[in-house]
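Labels run A, B, C and D following the written order; every chain starts at residue 1.
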Amino acid sequence: MQIGLVGLGKMGYNLALNLRDHHHDVIAYDINSEAVENFKKDGGTGANSISELVSLLSSPKVVWVMVPAGEITSNVINELKGLLKENDIIIDGGNSKYKDSIARAEELKKLGIHFLDVGTSGGISGARHGACMMIGGEESVFQSVETIFKDACVKDGYLYCGKHGSGHFLKMVHNGVEYGMMQAIAEGFEVLHKSEFDYDYEKVAKNWNNGSVVRSWLMELIEDAFSKDAKLDEIKGIVHSSGEGKWTVETALDLQVPTPVITLALMMRYRSLEEDTFAGKVVAALRNEFGGHEVEK
Amino acid sequence: MQIGLVGLGKMGYNLALNLRDHHHDVIAYDINSEAVENFKKDGGTGANSISELVSLLSSPKVVWVMVPAGEITSNVINELKGLLKENDIIIDGGNSKYKDSIARAEELKKLGIHFLDVGTSGGISGARHGACMMIGGEESVFQSVETIFKDACVKDGYLYCGKHGSGHFLKMVHNGVEYGMMQAIAEGFEVLHKSEFDYDYEKVAKNWNNGSVVRSWLMELIEDAFSKDAKLDEIKGIVHSSGEGKWTVETALDLQVPTPVITLALMMRYRSLEEDTFAGKVVAALRNEFGGHEVEK
Amino acid sequence: MQIGLVGLGKMGYNLALNLRDHHHDVIAYDINSEAVENFKKDGGTGANSISELVSLLSSPKVVWVMVPAGEITSNVINELKGLLKENDIIIDGGNSKYKDSIARAEELKKLGIHFLDVGTSGGISGARHGACMMIGGEESVFQSVETIFKDACVKDGYLYCGKHGSGHFLKMVHNGVEYGMMQAIAEGFEVLHKSEFDYDYEKVAKNWNNGSVVRSWLMELIEDAFSKDAKLDEIKGIVHSSGEGKWTVETALDLQVPTPVITLALMMRYRSLEEDTFAGKVVAALRNEFGGHEVEK
Amino acid sequence: MQIGLVGLGKMGYNLALNLRDHHHDVIAYDINSEAVENFKKDGGTGANSISELVSLLSSPKVVWVMVPAGEITSNVINELKGLLKENDIIIDGGNSKYKDSIARAEELKKLGIHFLDVGTSGGISGARHGACMMIGGEESVFQSVETIFKDACVKDGYLYCGKHGSGHFLKMVHNGVEYGMMQAIAEGFEVLHKSEFDYDYEKVAKNWNNGSVVRSWLMELIEDAFSKDAKLDEIKGIVHSSGEGKWTVETALDLQVPTPVITLALMMRYRSLEEDTFAGKVVAALRNEFGGHEVEK
């Protein structure tokens, strides 16, 4: 079917190619005109503005928004709000906060514009070759565009989750789980790294990926990473985060769910951003005060 | 090849069938004579005692020990020590502490008996249809019995890890990672469970297993579990542990590796064993003391 | 000086008596008329409504609000907003969110009404006999009523912290620290409780309060608690929380400060509210799936 | 009474002066002869060797050992074992592992030598001016030397805890609690430090020490520290640990007590010893693999 796509970043571009391969008619816009030109070279249709993109679509128009969550998503959807008409559909496939999605759905509903909140997992390769999607919104709206999800995802890889917000909520929790799993794997390798034994980490990961209880896509990815940089000597252990882990923890706090593992996974990322910590200084100073333990200067 | 097997429990029995299917000549003993009889019915050879088992083997004799870690493994290996001769091989395929394995290797070496410490992952189905194994000990000894590992494991599923202890050490850390991954998944589902949305957990797990970043064998297993008991209403959240998670944490403490995720996964299991906690009482009493906050009786 | 007081709960009533003892002229209102009657019997002046309370004050009027944070505080301050005039002063001595306090200060400023956000610590006995207060707002406003803080607090027990919000922010963090300290103490006693030794906890707390590094008011309070109920047999370890611990964690997340101890103290409280957990069920189900470990029903 | 003292380090020296002030006859030895000379100048009696020290004591001889836990304590007690006779008393006032103390008591009992395991808290100033002590061993032996504890400690500052090991066990747990309290305080100050407000930390600590719920000796110590170095600019947040926190966690694991706060306090110390972490590298590499997130080099 015909799909307008706003956003040709790492995820959006690959999704566009994926949909094109499945014979959808993708008309794409990005603030970066080079990305639009590239997409045209790759056989897609480009637009020079959101309004041009909307004008190129037939009604009911379907616009997939694939831009960074927060302000940028807000701006794009606000602009679309002025251009779209009753029964048109906006799909937010980015990592928006589920509460924002609930609010947006309500706002758009006043104008008769439909909204689906879609969490997209699987990384860049997933976007290109088969993603995993979690969809929230009205079921009839979902059904009217189900063919997009079917084609963009691997088999059994999309799920209609229920009312507005349920797609982005599920994706948020998915990322929380991901944080915890990644940190679990990471701690294991650090124990190996400091042990008296001399493991080949790529081989360990490969071993664990074949028949063990912890076999997983993340373990395959770290096998790949070790194959390129055996001891990860070339990179620093500084770990940023993009919001969803934090939202999962905040949501867990609101729901009074103890989530120590997801939370500590997040906090160890925060810790990795600090070279030295004020908390550490306080403890060091205290030990010096009562026990005369030396402090490092 | 000819293999003596001590232990026909859940893991041992399935390993025996697995090796039998690969045309190895398995002679098995278990303290439970019924298990031995069953194995004979399944086409294997049974022994009524460890000494009989040893007597039935040709030299150099290979005995695979697959019994609970700790005292029972110690007793079995001690008995074997008196029966085996120079160049015979003992393989401990159980979940022994790696330090015990290092000590055993040393003890056995004095008698010229070889020892391999083998961590076995993949659960019961793995033991039966293709496991994952991590092997520590002398490389030449490993090579002399490599065919066993090759046949018992899935492709690329066995790894020679290095000196004595390295096999059980790697399995220990594997289980630590497993604890963390399981708790991460579990926390995620509890957040879903307490949310305002109404997810079908089996479908969520199936969705996540198809194309998402968190796809993994553990997620497949929880998909299976949800397919049988949609909300896990039939079971309690009481979680025991069998040692390896604790050893991973103890080892991390010795090596000064911060492992908050693996540790908290273990501690939440401990917490699940308590109906009420003394720590909770202390905090409740304190809140009552300073703020007059009511306590529950 | 003359002070209007809204709220005669546990904290407010004791603060009123405290201020009365220091010869301040306290005119108090509470939604519970019995509390107002009691206060009159105790020599104070009562008011039957907020508007009556305001009418009884001379200009510039000073109103201390000491009611539960959130909606009730909002309602009280909104009502006061319609009754007070330029240069009157509202003091919020409750546990309001610092962001709410910043917003309120701004709102009130438009009307020329001054605002101080005051965190009050020390519990009920502190409110009565000498509290600890942390004050945010304009310094000149603080100075104009400093005598209240001086009299209500122990020596060196009040601190002007800076701009609007800084008082409630500091109190919030104080409570976060309190959560962590309480949980540390509680964990220690649970270790004692499950040990092979037979400690008298009251004596232990008394011992630790005399000369040890961990001597503290909280340790004195638990000594008191143990003196009344030696093993805390009469209470349950169910621990509620009133918001400030959670806000501390949320703020730490916003500031990217790793606060594992404060966070886990909070999460163990949440855990104490659950008899059984869905997370525990998920882990138990997983162990059953891969290892055949029995589940409890 | 007459007391032999082995060890004139920070704790031992101050304890010696403390006991001297209370008119005990302290005969002291240290491997560092300068410390012995200083003690003589301070009015004490010195010995040039452990055997000389023992020879200078009247029977029943009382020897207080105040040296680093582990090997050194073992060596000293082993040497004393050869020199002392039935009914003599060894007091280990250091931070020994309680299991070691139980074993030592048993060993010494065979020779009729009595043993007390004494945990000493209160830091250097406590050792000098009034400590807190926790005593394990036979009650009659404790009573025979109770005057030492009475004089060395503040009022109500010593506690006979019960059988062998109970003194060092209690001190161990005390230190675990201390770790947790320190980290709670430290996290609070880091939140303040990264906040939008501009607190004077010395004043904050002083405020909290006067009337607040978190008033404590540790808070007084950090007030002192801030008075000397307002933002702790002169020190690094590198925090070592001396064993007791780790033993508390290990004991908690053995007893299956969830101690997240004490454990995380310890693990954040470990984290402070690492400039970069392998775990962080693993997570950074994983994020790069699936999402193309940039890594820092």
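By definition in this document, a contact is a pair of C-beta atoms (placed from the backbone, for glycine too) under 8 Å apart; a residue touches a chain by one contact, two chains touch by 3 or more.
A quick map from chain label to UniProt name: A, B, C, D = Putative 6-phosphogluconate dehydrogenase YqeC.
Keep in mind it's a predicted model, so treat the numbers as computed, not measured.
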item	value
Shared interface numbering between chain D and chain B [over half = same, under half = different]	same
Centroid-based (C-alpha) most distant chain relative to chain B	C
Gap in Å, rounded to a whole number, between the CA centres of chain C and chain B	48
Between chain C and chain A, distance of the C-alpha-averaged centres to the nearest whole Å	39
Euclidean distance of C-alpha centroids - chain A vs chain B, Å	34
Residues within chain C bordering two or more other chains	122-123, 183, 185, 187, 190, 194, 213, 217-218, 256-260, 264, 267-268, 271, 277, 279, 290
Interface residues, chain C side, partner chain D - complex	121-123, 126, 130-132, 134, 153-159, 161-163, 165-166, 169-170, 173-181, 183-185, 187-188, 190-192, 194-195, 197-199, 203-204, 206-219, 248, 251-252, 255-262, 264-265, 267-268
Complex contact set, residues of chain C against chain B	10, 122-125, 182-183, 185-187, 189-190, 193-194, 217-218, 221-222, 224-225, 229, 232, 234-240, 242, 260, 264, 268-269, 271-272, 275-293, 295-297
Complex contact set, residues of chain B against chain D	213, 246, 249-250, 253, 256-260, 263-264, 266-268, 270-271, 273-274, 277, 279, 290
